[in-house]
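Got some structures for you, see below.
Both of the next two complexes hold chain A, though its partner changes from chain B to chain C.
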Partner chain A sequence: MFNYLIRRLLLMLPTLIGVTAVVFFVMALSPGGIGASLLSTEGALRPEERKAMEAYYKARYGLDRPLPVQYAHWLNHVSPIGLKTAGEGFPSSWKVGFKYPDLGESYSSHRPVSQMIGEAVPITILLELLSLPLIYIIAIWTGIRSARSRGKVLDVGMGFVLLAMFSMPEIWIGMLFIGFLTNHMSYVHWFPSNGLHDVQSDSMLFLPSWSGGFQRGWLLDMAWHLCLPVICLSYGSFAFLSRLQRGALLEALNQDFVRTARAKGLSERVVIYRHAFRNSLMPLITVAARILPALISGAIVIETIFGVPGMGKLAIDSVFSRDRELLMGITLIASLLQLIGYLIGDVAYAVADPRVSYVD
Partner chain B sequence: MSIEAARINDGAAGEGTGGSPGAPAPGPSGLGASGASARPGALLVSEALPASRSLFRQAYHDTLTRPSARIGLTWLFLLAFVAVFAPFLANSRPLLMKMAGRWSSPLLRGLTPADVLLLIATFTAIIVFALRLSIPRSIGFIAGVLTLAALPVLMLVKPPVNTVYSRYREQTALGKIQWSLLPPVPYSPTDRLRDQPDARLQPPGREHWVGTDTNGADVFSGLLHASRVALSIGFIATSISVVIGILVGGIMGYFVGMTDLLGMRFIEIFEAIPQLFLLISITAFMEHRDIYVMMAVIGATSWTGYARFLRAEFLTIRKLDYVQAAIAAGLPRRVILFRHMLANGLTPILVSTTFGVAGAILYESTLSFLGLGLVDEASWGSMLQQARASGSGFIWWIAFFPGLAIFLTVFSYNLIGESLRDALDPRLRKRD
Partner chain C sequence: MENRFGFKDLVLAALVVLLIVVVCLGMYMIDRQQKILQTMQQDARVRTGLLRDMRNSLHEGIAFRDPAGSDSPTTQKTYPHGDPFGNLKAAERQPGFARGDWIIDNFGTKLAKVNYPIAGDLYAYWVESRILEGLIYRDPETLEYRPQLARDWQVSEDGMTYTFQLRKGVRFSDGSPFTADDVLFSYQLIMNPKINAPRLRAYLQKVKSVEKKGDDEVVFTMTTPYYESLDLCGTLSIVSKQFYSKFSDEEINTNPGLLMGTGPYRLPDPKSWRPGQRMEMVRNDLYWGEQPTFDRCIFLEVEDETAEETMFGNGEMDVYATPPAQYQRLLKDPNTSKHANHYEVESPMNGYAFVAWNEKRQGKGTLFTDARVRRAMTMLTDRNRICHDVFLDYAKPISGPFASSSPQADPNIKPLPYDVAAAKKLLGEAGFKDRDGSGVLKDASGKPFSFRLTYATGNATMERVILFMKDSYARAGVTMELDPVDWPNLQKKIDERDFDAITLAWGGALESDLYQEFDSSQIADQGDDFMSYANPKLDAAVETARKTVDVPKRMALWHEAHRILAEDQPYTFLFSRMSLRFMDKRIQNVKPSKVGLNYVYLYSMPNPWYVPLAMQKYKRP
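This part shows the complex of A and B:
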């Protein structure tokens, strides 16, 4: 198992290099290149100022060098082992050794990229950790219900409704939620429309309190703000998992041990939940890792609609401000998270199913 | 020997009954009843099938009889009709009018070359369908007619560069146009109703069936015209990704070993970035995002699933006796790859293609919604974006109807995909 983990972790390296290379060269080969796009955010400049700015940026970020060199430079910055650089600019010495990985500085906000990502990642992970159990609970419940009434109206109807939910675009549902449920003027205002906290959340107590009228406190305020984003992120994934649970449970119910359990005279409840259900959970564990990408993609849209300052919103902002360092950092971290998600899924599979082993 | 092997394999290609996507060990099983009856699942299928029907005909029949697939197909046919005849359904130009004693048709004059070619293709397709030609022949026929028509159409069809839409309404009001026949929705999507001062943000009503937008344009007309974008992007982007997927997956599955290992890393690279994220990074740095660029970008980022599927199928199929026999018989590699392996390995791809079209439509609308979609053409996603960008609060009809159109189209493709999957999967037939 240990060897397997090491091998998988090492295999991540070429993938990560490939991922960042794809994004880097897509950006670099875009018309005008990154230098021109940096300047487009600076507004109107006189020609000589413009030239000076361009030269400054090019020298500062090494944009005047050939593309592969720029990429290698970025890679050297990021990797924990590599050429040690003295100060800014290109490596001045050729000493190789361990160093602290550096994601660079954002072009648009002039803050360290690692700091910006460090603020955004926990929020996105929180969103996903809240959605994942919700998705699983509802999908397992509906899956069991439709497997038990297979072929009947409930089963067919549930399949139809879940597929419909799967087909609803998040952009549409998000817009309708914001429009109808957070609207002071013409509809109801049950939820806040934007952000993760209220403006006054800093002065709130952590827990709700009832001293002198109800105060919702910091925690409840955040939960209130997270309601709609989490619903939007979750509803589309029910269909697939529920269908999977239904199929797995039906498969388990066809097995000999279930027939034995029934022949012993156990109640249907015990047969389904004790015997069949436990054995039907395997496929759901394996796909957990495959749902994560969908959730990350979903987070991009949902964080943008609901103004949640997570990775997705940061990615969109970096794309619109053409911030190469930030976008590269986000690409690296997002794909790293995703690869780790895949790995956890595979390991969980081996842990849950004694028949699977990675020892060879 | 080689002829015999080829004949048997033709049978397998035509009616690969047990192709059974997702089955633990997809066997050859199309080799005839004796081969198939060894497996319980396949036995049931061969009982259910009349011997003369091929797998695809049976699946086609099964899919068509399911009510959910029928709902989906009905909506898609309606949408295809709307997409082809959009200029005739929603247009500010009269279809026929009499002005100063002269008859004319501004609508026909205003058609673009693309409109005319689309109409020619549609009518050729109807004729071909009536003649009941075989599929390769009819595709060739339509392609031939289009290439023949392309040059004269491009030379002769010259729509006016600028049109003042309100002119027709004003002249009718003045009585200069004595008689005119208007399309059912008498507004073009780009007609901003400048002659009507209070045309902006009108709620749905008799005049504008689903209201007007912030510019004063009729939303329903925009919806009808944007159906073209959704349908064509879905189709062509998916075709591109299927072709790439088949190439990469086929090469990996056939030439195992180093090619396979490198190919898998290549696929992993694309799967390690969330697809929407990759799409955003690519489209944001593109200046000219017309419909062809969007098709290419969406197609070039969504092929990994197909490649994985085909690779897995090929890895199983290449070990099977009939392929080994074909190799032993010395058939050329081209024949082995295309006639024997590809024909049998395509079944799982067929199902995921349907879901792929739905996904492509969703991606296009999401990109348009984020402001990274088509630049000079309205799509359902960019119409939905208007509801977000408009500074005048929440206008429910701009948000609701374009989203509903996306939802219904995606839902239709998913319904058809599910029915197709159930029809092609013999294991499910046993169960239900």
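This part shows the complex of A and C:
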């Protein structure tokens, strides 16, 4: 098992290099280059201003070197082992050694990429950490109920509703939510329409209080703002997972050991929850590793609509402004998280199913 | 077989996770309280410093001075250039005037940085204009220059030397005093090549030197006479030498939220704003002038249109700028008129949209080298109909690069009419006739009159305009093909002059300088005369106007330039749009002015809007 883990971790490296190389060269070879997009974000410029800016950016980011050299440079900056200047890292006096990885500086906002990603990632992860348990709990529960009452009204009805939910695009649903559920004037104002915090949030106490009328408090205010984005993010996934759970449970219920358990006289509840259910979890674990990246990409739309400052929006903005350093940083982090997700999924396999073993 | 993982274990795991979550939340709560304490400590420190200064001055003794001629910052009698707070004081005399409440505006996009001088975009300027001030500013009603951080100023006869006498007793929002050293420092900060402000630096190249004479007088010397010199020197944003000297160049370049000035508002912490946090500005209690009306100015970053409309409808936003169709729809909506007022204003700042006809491509002449062809194309564009159908009459056709209300525009010049017959006649003179009855205009060798219009994707309104133009031209026998490109590619095409015709828009200015766009010296080197238009008469008019400091002479020259451009039509000047705005009803004293509304984010100017006490919504300061 340990060997397997080491092997998997080492195999991540070629994948990461491949992914980042593709992104780098596609961006670098796309027409327009860095100069144009940067200059256009700051408004119309006079020619001498434009020249000055271009010269400045070239000197600062080394944009006039050949592309493979630029890519190699970026790889060197990012890897913890590589060429370094004497005096930094370990061992200090050598030119090669361990050093602190440096993700570079964003072209469009001139801030360290690690700082920008560091601000955006927690929010996206928060959205996903809230969505994932919600998805799973609802999916498992509805899947089991559907499987138990297979063919009856409950099963068919739930299947229909879930298929409908799966088919509705997030963009549209997000807009509908804002238009109907957050609209004080015309409809109901059950949820806030935008952002993560209320306008007066920094004067709020942290916990809710009941003195002088109910006051939400910062924590509940944030939870209230997160409701709609989380619902929008998760409804598609649990439709899909619920059907998967249903199918897997039905298959498990056809196995011999279930017949034995029933023959032994165990109650239906024990048969399903204690025996069949565990064996039906395998497909769900597989899918879990893949849901995370799907949530990141889905979050792009949700973050734009609901004004949540997360990673998806950062990625889209960096593509449109041809901000290569930022995009490479995001690609690297996102790919790393995905690969780790797959690894965790595989390890969870081995834990959940004793028949699976990685020892060869 | 044992159950390795039962329900009990699941419950246990859930409880452990819950515990971790509670601990994290607790840490977060303490962190938050810590931040609030820190802000309070900082405030207290500033006030203690002030008290100390006051006690010291008291110990030194009090001298009675004549209030009329004193050095106090807001004395009226010694103002040769008018009262800097005239509009605000007029508002104070209105019944129901009160200070307080918040105003909530919307950027409509994410704000990346507000650090002056690094931040280049428009939205950062909206924030900077409330926090930083210049030596002078321009009154929106009369367009005269008013004193701000300068008490008085003199311009030399040749327009090369500008002397400003500075106001005494002004402090920055952190308590440090304002002196001539800060003016010098503000200039040097931008000219420092290590600071990432190439655009501002290029703008200030015309200044040869800035010197101080004593602690309260500064002299700007220009390299050549330039008509905008007073504006250039006087509206330089003043920052604190003491504050900025604490940071290295690198830190100034990378900190997104470093902003501190003498203005009526300040950031709660001048160095720790980060993108993603809501932009809030609070009242600067140490402000030298009349206290502003609103306690806080908040900017939201709502990008989605539906969310924006809903938030305005809910009363969560106070200012809402709308496109024409939405504006009309909301005008008819009874809910909106219950809580909002609407304003339609023309402003020279809105600029204009145009089609530029490329006159030289890869060294060779093009279809549009002949001025008659360009005039014909303008006459084939039904601008009145575009303004009526697409912009619902919230836009107006223009005859030249100046707003019709601007003194630079010659009022006798009208936009060319929509006249297909006259246009066809002109095209016939230039050699394009319908030779074979096919309806398509062809030249002598049989080649049809056809060109490609390049434009930027992403603007649905402009696409409607362009499709309409395509149709009108086709009816007259001119074939127009569409060439939509995204911004970086558009920039590339402009630089390489690789287009037949291109449609764009320029932003406006109170007095626009035509040099960039129309002077023949700007053809080479990727200058902004990207259609290679060259007319020595225009060059002469523009270059002389730029050097002329005397206003009536200069306006006459601009009129001359206007005439030449209307004759030559290097652009087809399409239209100039109006600003359509809804504002919450509780905000009073909102009026149109020469630059839009009576408060705009143009210069750092006092805001005469207010909310009466009874209608105030946000009670906290």
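Here, the second predicted complex is superposed on the first by the 347 of 360 C-alpha atoms of A that agree within 3 Å, B and C clash if a C-alpha of one lies under 4 Å from a C-alpha of the other, contacts with A are read in each partner's own complex, and residues count from 1 in each chain.
The working rule: contacts are C-beta pairs under 8 Å (C-beta built on N, C-alpha and C of every residue); 3 or more make two chains touch, one makes a residue touch a chain.
Only a predicted model underlies this, so the values are computations on that prediction, with no experimental measurement involved.
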Partner chain in contact with A:Met175 - chain B first, chain C second, else both or neither: both
Which of chain B and chain C A:Arg322 touches, first, second, both or neither: both
Chain B versus chain C as contact partner of A:Ala147, first or second or both or neither: neither
Contacts of A:Lys313 with chain B and chain C, given as first, second, both or neither: second
Chain B versus chain C as contact partner of A:Trp218, first or second or both or neither: second
Partner chain in contact with A:Pro14 - chain B first, chain C second, else both or neither: first
Contacts of A:Arg274 with chain B and chain C, given as first, second, both or neither: second
First (chain B), second (chain C), both or neither touched by A:Leu244: neither
Partner chain(s) touched by A:Asn183 [first = chain B, second = chain C, both, neither]: both
Doubly contacted residues of chain A, that is, touched by chain B and again by chain C: 31-32, 37, 175, 178-179, 183, 185-186, 304-305, 322
Complex interface listing, chain A residues touching chain B: 11, 14-16, 18-19, 22-23, 26-27, 30-32, 37, 150-151, 159-160, 163-164, 166-173, 175-176, 178-180, 183, 185-187, 250, 293, 296-297, 300-301, 304-305, 315-316, 319-320, 322, 327, 331, 334-335, 338-339
Touch list for chain B against partner chain A, complex: 68, 265-266, 268-278, 280-282, 284-287, 358, 362, 365-366, 369-370, 372, 381, 384, 387-388, 393-394, 396, 399-400, 402-404, 406-407, 410-411, 414-415, 418, 431-432
For the chain C and chain A complex, residues of the former touching the latter: 3, 25, 29, 32-33, 36, 102, 104, 110, 112-113, 118, 120-122, 196, 198-199, 201-203, 205, 253-254, 256, 274-276, 278, 298, 300-304, 306-307, 310-311, 313-316, 335, 486-492, 495, 506-507, 516, 522, 525-528, 618, 620
Residues of chain A that touch chain C when the two form their complex: 31-33, 35-37, 39-53, 56, 105, 108-112, 116, 119-120, 123, 175, 178-179, 182-186, 189, 193-195, 197, 199-200, 202-203, 206-207, 218-219, 274, 304-307, 309, 313, 317, 322
